[in-house]
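These are the structures, in C-alpha cells.
One chain, chain A, links the two complexes that follow: it is found with chain B in the first and with chain C in the second.
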Partner chain A sequence: MELVNRTFRHWSLVPAVLLFAVLTLYPTVNLVRMSVSTIEFTQGGEAWSFTPLRNLALLRADEVVPPAVRNTLLFVVAAVTIEMALGLGLALLVAGVTRGKGLIRTVMILPILVPPVAIGSMWKLLYNYDFGVFNQALVALGLPPANWLGSTSLAMWSVVAVDVWHWVPFVFLILFAAVEALPVDVLEAARVDGATRPQLLRRVILPLLRPAIVVALLFRTILAFKVFDEVYLLTSGGPGTSTELITLHLYKVFFEQNQLGYGALLSLALIAAILAVLLVGGQGVRVARA
Partner chain B sequence: MNIRNLLHRVLVAAGACAVVAPALAQAPFVDVGKQPPITIVTPSAPWYPAFEKTVDLYEKQTGNKVKLDVTPFVGILEKMRNAVRSGQSPYDLLMINSPNTVEFYEGGFLTPLKEIDASFDVPKEVFSYGDSGWWNAQKRWRTANGGQLMAFTPLGNVQLLHYRGDVFRQAGLAPPKTWQDVLAACTKLSDPPKMYGFVARGERGNGIRYDWHSVLMAEGGDVARNAEAGDFTVIINSPQAKNALDLFIELMKKCAPPNYGSLGQGDVIQLLATGKAAMADVVVAATASFDDPAKSAVVGKVDTVPLPAGRGGARGAAIGNWNTAVPKNLPDAQKKAALAFSRWFLSYGAQRAFAEAGGIPNRSDVYTSDLAKLPAYRWFPAYLETQKFAAQDLGYAEGSQIDQILGLRLNQALIGEMSSGKALNAAAREIEELFRKNGRKTGSLPPLPE
Partner chain C sequence: MSEVAVDAVEVPRRAAAAFTPAHRGVLGAALLVLALAAVLGPFAWILTTSFKYQIAIYSGEWPFTPTLANYADVLFGRRSDFVANVTNSLVVASASTAIVLVVATLAAYSLHRFRWPRWVTGALLGWTLVFHMIPVMTLIGPWYVAFRALGLYDTRMALILTHVTINLPMTLWLMRAFFAEVPPEIEEAALVDGCRPLQAFRRVTLPLVVPGLIASGILAFIFSWNEFPIALSLTSRELATVPVAIARFAQQYETQHGQMAAASIIATLPAVLLMALGQRFIVRGLTLGAVK
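Up next, the complex of A and B:
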C-alpha cells in the first residue's frame, strides 16, 4: 500500500514537471541555442548555423554595450535607492497618521495602476520643452526652462524621476503593511526603557522591518533591471547614449535589427547579470544578518 | 432602312458615345466582383483615417468585407514577421515600411503579384517610388529592371518643406529653394521662444537619420558608392556628407528649440501646428492636419515647397513609402481577394476618394485633376515636383542596422558629444565592418579630420 502511495505521489508530479519544462526549460534551452547560432530567413523559412564565436565577436565589437551597462547600473542604483528611502519614509509617516489611512493608501497606489505606456506619454508631455508644465512653472518663477529630455546631463535623472514616481507606491505598500504589523508591545517596551525616536527607529523598527525591506529591495532591483517601456517612450536611449539601457539595446538588436542570435546572447548576459546581482545581494544580506 | 434612318441612328449613337465616352475613359473604379473577406494589417499613421474611409467605400461599392488590424508603428513589423513565419498568415495584405521590404523579399515570404494573376499590373499613372515594390533577387536590389513585382505603394510619404506663408510674406522672404536659403530665412525669422526658424527631427534613431538623409542627397553624398552595381565602398565620411551634417547641425543649433537633440516627429508637427515654427521638414502625411481647426492654430497659413537643393544644385528627398504585399503562406482564394482589393485601390476613383479623405494619393492623374485647384490641396504641386528627384535610401539588407548606426552617430554629433568628422568616421567604420561581415565588396575613404 505504501509503495502504491509513493508511486502515485511521484507520478502526480509529472504534469507539473511537464508544464515547467514546456514553459520554462524549453524557452531557456532555445534561447541558449539561439545565442550560439546565426539565424537567417530565406525561401520562406529559417536557416540556423552554429556560430558561437561570431555572436561573441559582435558583443565585443558593439560600442553601445559599455555605455548601456554603465547606464543600467546607474539607473538601478539611483532609482532603487531613492524609491526605498522614499517608500520607507512614507510608510513610517502614514503609519503615524490617526485618520484617513485608507484614503492615503488608495491615493498612493494610483501610479502603480497606470499602464507604463500612459506614464511615458504623460511624462513626455510634462517634460515638453515648450509646452510642458514643469517648464511653464520654471518660467513663471522667472527661471530659464530646463532641457529635461534633450540634455545629456539631465535626461537620465528625468527618467529616474519617472521611475521613482511610478514605483515608490510599490515599496510603500510592502513596507506600510510591515510597519502596521510591528509588535506594539516591543515598541512600548523600548519607549518605557527610555529609547529616543532615532534610537527606536535604528535599533528596533528597522531591524524588525528588515525582511520586508529585503523583499521590496529584491523586487525593485529585478524590475529596475528590466525597465523598458517608460525609457523607450521618453528618450529611446538618447540623446546620444545618455539613457541607453541594456534592455533598450536588446530590443533594438532583436526587433529593429533582426539579429536574433546576437539578441539571444545579450538576453542571456542580462539574465546572468540579474542573477549575479541577486546572488551578491543575497550574500550581503546573510552577512549583515550574521 | 433608308439613308435618313441610317443617318438618324448614326447621329443618336454618336451622341450617346459623346455622353458616355468621358465616363468610360475615366473608368473611375474597377469592378472586382464578389470576393471572400480579407484582413489588412495597417499602421496607425496620420493617414489611417483616410485609408479607413476609402476601405469603407470599397465595402459599400463591392459588398466585399475588409477587416483592418490597426497597429502602432513600433509593433507592426513584428506582427508581420510573425504572420509570414507562421503556418498561415492571419493577414491577406501586409503594409511594409519601405526600409523593411528587403527583409521580406530576401526571406521569400511574399507572393509575386503576377504569380497570383499574370494580368495584374500597377497602372502607369501610379508613381514608381524608386521601384520599392520590385525585387531583383539576382542583384539583391529593388528595381523593375529584371525584377519581379512584389508590392505596390498605398502611400508614398516624402518630406516637404512646410513653411508659414503669412510669416514669409510679412518678412518679404521668398520660399526657400536651397538649404542655404533655409539657413538665411530661419536665422532672420528665429525669435525664441515665440518663434523657431526651422525644426526637424534630431532625436536619436530613424528620426534624425531620415531627415538628414535628404540633406545628404542634396549635397551629393550617399552611404555606399554604388550599391546597385554591388560596390559597397562606404562613402558616408565623404566631404559631401560632412558638409551635409555641418549644415544640418548649424540649422538646428541656430534655429530649432534648445531640445533639438530630442525632437521627434510629434514635436516637430506640434511646433508648426501651434504657430511656434516658421519652417519644418515634415512628412506630407501630416500636411492636411495643419488645415484642420481641431488640430492646428495656423489653418490656411502653412504652405509647402519641395525640399531645397544643396550647394551644387542637386535636390534630394528620401522616400518613406509603405508597400502593400501578399504573404506567401495564404490559400489561393485569399491571395486573389487581396489582389482584387489592390486592383480597386489603385484605380483613379479610389485614389481620388483617398485624397478627398485626407490621404496621399499615389496616382499622378489625381495630382493633375481639378482637385489641384482647391486650397486644401495646395501641396499637390510640391509633391508632384518632389517625385522627379525623390529616391529610396538604404535599399539593402543591412539597411535597418545602418539606420541604427547613423541614428546614433548623427545624434551624437548634433548634441556635441563628438565632432561631425569623428561621428561620420565612426559610422563609416561600423558600416564597413557590417558590409564586410555580410560578404559585400566594400572599402572605405580616408578618415575625415576629427
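Up next, the complex of A and C:
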C-alpha cells in the first residue's frame, strides 16, 4: 500500500518535470552557450566557434535594435492603455444591462480564439488601399483614401488598432467577472449614504476592482510583449522599420539572416528585460492586493 | 480575489442592480450595439468577401453574385496544399492536446494531493509561470538547433513536443485550480474503503474534474491549432500547418483576396465550433487562468 502510494506519487510528477527540463531548461542553458558562439551549418553538421565578442559587436552594430525596442515599447504602452480603458468601460456598461449578457460574452470570446494569423490576414484585407472597408468608407464620405499599412506615420497605429480589436474582449472578460462579483451591500450602502454616481465609481467601485485591474494589466502587458503573428502578416515590420518589433527582428535574425549565435544573445537580453518587468509588476500586484 | 471571480460565474446577476439606472438610457444600448458591431463587423466583411468573385471585390458592387469558387480554389486548387495543411494541424493539435492533458493532469494532481517539499512545488510552478511569460521566439533558436541534431527538424513530432510544452503551463495551472475545488474528504473516504491510491485517483477524483479537462482540452487544442511562430520556423512546406499556409498564401498571392478571405474563414471554423460546444467551460477557463 505504502509502496504503491510512493511510486504513484513520484511518477505522477515525472513526465511534466522531464518535459520541462528537456524542452525549456536545456534550451535556456543552450541559449547561453549559443550566445557566445558562432554557429555555421556545414554539410552533415554544424560548426561551433567560441566568439563572444563578435556577437556583442553585432549587437552594438545592429541598427534595427533601437527602433525595434522603441516600437515595441510604444506598441505595448499604446495598445495596453487603450485596451484597459475600453475593456473597463465595456465591463461597467454591460454590468448595467439586464438582458443579453450571455450573447455579449459569446461574441467577446470570438476574437480571443480566432487564429492570430487569420486576424492578420483579415485586417490586411480590411486595410487594403483599393477596396478595403476603411478606404471605401473614406471615399464614400468624399475623403481621400489612406495608406493604412504603407505609410510610416500610420502603420504603427493601424497595427495597434488590430491588437485593440483582438484583446479588448479579454480585458472585458476578466473585469466583467470582477464587476459581477462586487459586493452589492457595499454599493447599496454607499448609495443610501448619498454618494453620487461619479463618487460611487471613483471612491467605491474602482478601488474594489483594483486587484482585477492590476491582474488584467499585468497579463496584457506580458502578452503584448509577445505579439508576433498579426504584425508578421500585416506589415512584417515595414514600411522601413516603422512597425519593426523586437520579436519580429528576432525571427529575422534567427531564420532570415541565420545568425543563431547573435539571435541567442538577443533572446537572452529580451528574457532579462521581461523578467525585470515581471519583478516590478509582481511587486505591483502584491501592493494592490495588500 | 480568486474566490470572488469564481463566484461571479455562479451568481451572475447580483451586482447588476447597482449599475442599472445609469445605462437604462438609449446611450448605453447604442454603445453596446456599437461594441458588438465592432467585434462582429470585420468577420461579416471577410465572410462576404470570401463568397465574392475578384471583380465584385474590386467594384464593391452590392448585392453581389455569391460563389464558392474561392473555397474550392483554397481547398482543392492546383497550387494549394490546404487539405494537407488541415491534416497536419489536426494531427498536431489532437496529439499535443492529448499528451498535455495527461502530463498536466498527473502533475497537477500530484502537486495537489501529495505533500511535495515546498521548493519542488515552488520551483515547478514558478518556472512554468516564467516560461509562459517569455516570448516563444526566444526559445525557437535553441529548439531549431536541438531538433536538427536529433533529426527531428521538420517532423510532426517536433511540433507536437513544442506545442505540448507551450500549453503545459496553462493546463497545469488550470487543472490545479480544478483539483483544488475537490474536497479531500471524498478521496480519503475512498482510501478508507480500500481503494488503492491509483484507483482513488482514476475512479473518484478524476471524474470530478471532467469540466476542467474539457476547458483545458478545448483551450489547448485551439492554441495549438492557432500556433504560428514555431510551426513557421520548424517545418518546411510539406508539414506546414494552417496558420503557416495562410501566411505563405498572404505573401505569395497577395492579390488573391477572395481566396485569402476564404482561407481565413476556414482557419477560424474550429475555434467557432469548439466555442459553440464548450462556451461555458471556455469562459471559466479563460477567467480562471487569468485570475489564479
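Side notes on the structure shown:
Convention: the second predicted complex is superposed on the first by the 259 of 290 C-alpha atoms of A that agree within 3 Å, B and C clash if a C-alpha of one lies under 4 Å from a C-alpha of the other, contacts with A are read in each partner's own complex, and residues count from 1 in each chain.
Rule of thumb we're sticking to: a residue touches a chain if its C-beta (ideal position, glycine included) is under 8 Å from a C-beta of that chain, and two chains touch if they have at least 3 such contacts.
All figures in this text were calculated on a predicted structure; none of them were measured in a lab.
After superposition onto chain A, the partners chain B and chain C occupy overlapping space and clash.
In the superposition on chain A, A:E46 contacts both chain B and chain C.
Legend: residue contacts after superposition of the two complexes on their common chain; A:S158 is shown touching neither chain B nor chain C. Once the two complexes are laid over each other on the shared chain, residue contacts for A:A118 go to chain C alone; chain B is not touched.
In the superposed model, A:E63 lies in contact with chain B only, and not with chain C. Of the two partner chains placed around the shared chain by superposition, chain B is the only one that A:Q257 touches, whereas chain C remains out of contact.
In the superposed model, A:L187 lies in contact with chain C only, and not with chain B. In the superposed model, more residues of chain A are touched by C than by the other of chain B and chain C. Of the two partner chains placed around the shared chain by superposition, neither chain B nor chain C is touched by A:T38. In the superposition on chain A, A:F131 makes contact with both chain B and chain C. Shared interface residues of chain A, touching chain B in one complex and chain C in the other, are 46, 128, 130-131, 255. The touching residues of chain A, counted against chain C in their complex, run 1, 4-5, 8-9, 12-13, 15-17, 19-20, 23-28, 30-31, 34, 39, 46, 90, 92-98, 101, 104-118, 120-126, 128, 130-131, 133, 136, 165, 169-170, 173-174, 176-184, 187-188, 191, 197, 200, 211-212, 215-216, 219, 222, 225-226, 228-229, 232-233, 247, 250-251, 254-255, 260, 263-264, 267-268, 270-271, 274-275, 278, 289.
Chain C makes touch with chain A in their complex at residues 1, 4-5, 7-9, 11-24, 28, 31-32, 35-36, 38-40, 42-43, 45-46, 49, 57-58, 60, 102-104, 106-107, 109-111, 114, 116, 120, 124, 127-128, 130-131, 133-146, 148-149, 161-162, 164-165, 168, 172, 196-198, 201, 222, 225-226, 228-229, 232-233, 242-243, 246-247, 249-250, 257, 260-261, 263-265, 267-268, 271-272, 274-275, 279, 282-283, 286-287, 290-291. Within the complex formed with chain A, the chain B residues making contact are 77-78, 81, 84-85, 103, 106-109, 193, 203-205, 257-263, 267, 270-271, 274, 276, 328-329, 400-401, 403-404, 408, 411-412, 414-415, 417, 426, 430, 433. Looking at the complex, you find that chain A touches chain B at residues 41-46, 61, 63-64, 128-131, 145, 147-152, 155, 235-241, 252, 255-259.
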